[in-house]
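Next up: the structures, one after another.
Shared between the two complexes below is chain A, which has chain B as its partner in the first and chain C in the second.
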Partner chain A sequence: MSEKQDTDIKEKETVKAPALQAAVSPHLSNTSFTTRRMMIDVLIALVPVVGMAVYIFQWYAVKQLLICLVSCLAAEAIFIKMRGKAFTLTDCSAAITGIILGLSLPGPAPWYIGFIASFVAIGIGKVIYGGLGMNIFNPAMVGRAFVMIAFAGSMAASGYLDAQSTVDAITQATPLDLFKQAGTTTPLMALFVGTTNGSLGEISAIACLVGGLFLCLRRTASWEIPAGVLVAVAVLGGISDLVTPDSKWTVIHHIFGGALLFGAFYIATDPVTSPLAPIGKFIFGLGTGAIIMLLRIFSGYPEGVMFAVLFMNALTPLINHWTIPKPFGAVKEEAEA
Partner chain B sequence: MGLKLDGFEGQGTFGKGVHPSDQKGFSSDVPIEVIPSPAKVVLPLSQHIGAPCESIVKAKQEVILGEVVGKNTAFVSAPIHAPINGKVLKPVKVTLPSGRHVSAIPIKAEGDQADGKALLDDILGGDWPKDCAENYEPKAISEAINNAGIVGLGGAAFPTHVKIMPNEERPIDALLINGCECEPYLTPDDRLMIEFPGSIISGALLAGCAVGAKEIVIGIEANKPKAVEIMKKAADGTKIKIAVLKTKYPQGSEKHLIKAVMNRKVPPGGLPIDVAAAVSNVGTAAAIAGAVLRGKPLTHRIVCVTGSGINTPKNLFVPMGISYQELIDFCGGLKEDAARIISGGPMMGFAFTDLNAPVTKGTSGVTVLTRDDVKKADETACVRCGRCVDVCPLYLVPSKLAIGSRYKNPSVLERYHITTCLECGCCAYTCPASLPIVQLVRAGKALIMAQSKK
Partner chain C sequence: MILRGRWAANRIQQGNKMAEEPTPFERFVQGIVPENPVYRQLLGLCPVLAVTGDMKSAMTMAGAVLFVLFCANVIVSLIRNILKPHLRIVVFTLTIATFVTIVDRFLAAYMYNMSKALGPYIPLIIVNCIIICRCEVCGSKQNVFAAGADAIGQSLGFALALASIAAVREILGTGMFFGVRVLTENWPDWVIMALPPGAFFTFGLLLGAFNWVDSIRSKKDGTG
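And then the complex of A and B:
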């Protein structure tokens, strides 16, 4: 029998029979949505934010973004090679980390800030855990947290300022700092359009909204996360408005000002470091929003997005554990389709 | 949307799932054709879920069409009948597309064979009564089903008499006849409904009588308007209702059909009877009618040979035990770029390469896909995007199951309910990282099984 089969196979090969494959089901896949496509979506969504940063900060933004982008790609290449793994630059994830990191830095920060932050982000933030998909903390925020503590001067409120600069935005304090130090409120329109000082990517609310909504519509970012952040900020900001009715910094300022929208749409939505199930994603968003408000209102820092995201990253495994969905038909079902 | 079926709470659909392109066009308009009687058939003794049959024939013994050759040895089992006239050869071992090695009885054709349209008409054609059910005792119907060796023809091949039997302690509210055919490409159920609706109606009435069902509903996906219209006409004057369901994969899964029609949820590890339902495929219903009303055992079935990798896609009426090679040859052979031959549909079917394998009772079709069809992106790291969670129709977390299986961690697998998974493939279909989630889940299940045996 087997002999006959062998000859059969040989015969078939000579008449150029199709090469048949054995594989596990399913035999179809949705090829329109791949990991690479997700990464490209993020890069597309970053276009308005990067555009606004370059428009307002000009050379400062170009320099900072290039430093971070090139350093992150270099760091990825070096560290991956050190670990003896396959080349991974084509998955675009290091590029995204670089751009988001660059966008989260102040324009005037010296070159070594972005350089060091990039190597920390990729090395300690990602590759050390095993590369893409394995890291616990958002790599860009790990890099930023490192330089924020190591180079407190360049990253604090004064680091955003350069009185001699020819770029207007750089000569003023950031809106959150202005309010924290002097009680001066920046006009909403300036926050919305983004004609203020701040980290490169955070200034324009409208640019973050446009790119962020694109990400949510593509389902590349889960809408549950920014929704959770916004709900928490709206509720806590609303309470704060009620408690201190004469404060000029209203809940709307909280939403449009600082890195809130940038963080909610681009940083907190990193799928690797956020929960899996929809309900968990929403809880993650709520927690992030709540911590941002606590830090903004009660801490010495004017802004809290970075620490809020890092803290919630640490809670993600726990949130996943709490929000294991009940299987179809299981008793005591809570979530109903 | 909403189903709005009198007396039923179902919304005509279920939560989550995916929408692959249905690709039915290859064979949906091709009438059922009877394949010429083969020179030889090979009948595996295990064509169903449950205990394998015992051969009751010897080599050189002459058998005729419909004669029992394999006897059922347990309650959950089904006898096997000769699909042709001929002479029994020495028993052999065959490998089914699923990878199972089973013993089989080969029969060499001898003498005249029932063939062509006459055979098809004899088994499925002609008039089918709509008032048949009253003349039969429930128990007699169940016995006839058992003797005819009928198993679920939708693909699972579970012995039908085990489901379709009177059970006074656990009454059935509704018998659902499954005409969803949610797998892309497959068309045999669609063609059966279009060409032989009467047999399904009679079979459904008989099965309904056997289980004492208050209601009978035939569920059909909305992408088969012709079948819906014909079945509605055929059901006229009976108590059978037709439910038009949303086209979504896996609508034809037993649990999801019950959810879509009755808005009831079968618990994990449970059976339809736990929610007072019974489910049977349209092909099975037709076979029940043939067994009870005409005394026909299950010797033939409808299969489609379809896909972009086959020259002339067809719906065929074939004897059990015929080789896949013969089906493919009869359909003009494979195209040059054919890459994968699948027993069943592309979402849950088995890809195999040994075309000498025989067709069994559970073979619903042969799907031949080309290199382009099966192309998928290279596997990347899981980025925990949660898309698999968004589509899992059983509300599981497939990525956790994949990781738990990859790192051989049974406690993760159990915590995330691996045994509930029906391996429908929605997760792997969707996964942007192209992870072989279903393969990992199967390995994970094997891991759990091995552990529980210790």
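And then the complex of A and C:
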């Protein structure tokens, strides 16, 4: 008898109620708006960024992107199989994670960095929470944070440099690091077009803008998030300009330099790990931008997009709690005395 | 009899049920895997996370816990009939603190560098819940032999858990095992494994693996 009860309870436990991650109402149904469509939109939006990366870094970019893409797909297949879930490679989410992860790594990084980062991203960043839609943190950034701390030598400023390289961009330090270490300012045009060194995807501001605007126009990414990031960076960068008027690194450099635009448009806009309500999204963007500026100006790291996004991911449930509007007619809960 | 108090009297009444309590051998075996203090009871996680960066410090910690747990359990078992129920936790803590102080001073005298490396984690054995749990569950209820066997079994289980985590962390983090290089020179050290996040990752994944193996085994038992 007790055994039967036990199995009953076990059965009940295994059939879990779906954790609903619905956006704030109205829920207009649109059958074409599927995960797969969104992911394909992101893939299309990534074309200019990937193109620029391959143009500047040549086979460095091709190698790094292929490693991350293949390892992410393999990791997804393996871990989903281990969990006994349905096959999910066709929704392209693992491919997106792989490409964004690859774009966030330095070109000269050794092969095992992309490989390990991919498995951490998919395994610890996503599948362990229950797969796509359940993860708390942006998977690509979890993978990158892991290798960043594990292999500090290959991922820090020196990891971007290879003086022997035949690719021009790789022989120079990244703009943010040049400024932090030597105080040298990179010309705005180089930052805008993207002829500098850096993580594969971050170099070209114009490519990120084009792809990012496409995402926002298609409503695949919410415009509130990049807008919030840009507002926060502009305000804090403006204040820093006023405080140190002699500095050659102006607010425009802050916006076009580093991974800011790439992070604002492609990484922070991940719908799973960002808030649901529009106002919440804007707050999320503001917070991300503010932390990026704090890290850039006051921390030892030249760049802070990754940590800013991870930090705000952790705050997302709280922002949701504050900003999801009360349904019409709902009674306001009395504050407990 | 009256002086021993109601709690002790209860214990004597329950003495008839002694047959149901685990024998010393069962206590010993249970501590190692079936009731592993770390993987099964999730006790004493502070040293599990803090001192498993390398095998040497992990094994020193395991040795210290073995000594403290064995002595404390035996002493508690010997005085179990004169324990007052409302004072027992205080008595446990004082007993444990005595032996922890001995270990702490011993390490400081003979293994100075290790004592430095382990820092506050040796004094913190006083509040290690494995020990107070074993004193409560076994030491204060069973005879000296059961208490001693229980202490050794639990300590071995604890050592096993520490060793499993420390081995993964030290090999991945530094390419070494007990300070001896086991991987090639150009092994890229996974620095994160030697840092606190590595402890959480390793412990979580090993705990998951432990539960996974266990679920497979219990499934087999259930159907077969």
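Couple of notes before you dig in:
Rule of thumb we're sticking to: the second predicted complex is superposed on the first by the 297 of 337 C-alpha atoms of A that agree within 3 Å, B and C clash if a C-alpha of one lies under 4 Å from a C-alpha of the other, contacts with A are read in each partner's own complex, and residues count from 1 in each chain.
The working rule: a contact is a pair of C-beta atoms (placed from the backbone, for glycine too) under 8 Å apart; a residue touches a chain by one contact, two chains touch by 3 or more.
Computed from a predicted structure; not experimentally measured.
Look at A:37: by the touch rule set out above, it reaches chain B but stays clear of chain C. When both complexes are overlaid on chain A, the residue A:300 reaches neither chain B nor chain C. Residue contacts after overlaying the shared chain place A:245 against neither chain B nor chain C.
By the document's definition of touching, neither partner reaches A:84: not chain B, not chain C. Interface residues of chain A facing chain B in the complex, by the touch rule stated above, are 1, 5, 16-31, 33-38, 91, 131-134, 219-220, 222, 271-278, 281, 320, 324-331, 333, 335, 337. On the chain B side of its complex with chain A, the touching residues are 14-16, 18, 20, 92, 184, 255, 259, 265-268, 270, 309, 334-342, 346-354, 356, 367, 369, 373-377, 380-387, 389-390, 393-397, 399-400, 415-417, 420, 423, 425, 428-434, 436, 438-439, 442. Partner chain C is touched in their complex by these residues of chain A: 110, 112, 116, 124, 146, 149-152, 154. Remark: chain C residues 188-193, 195, 197, 201 touch chain A in the complex.
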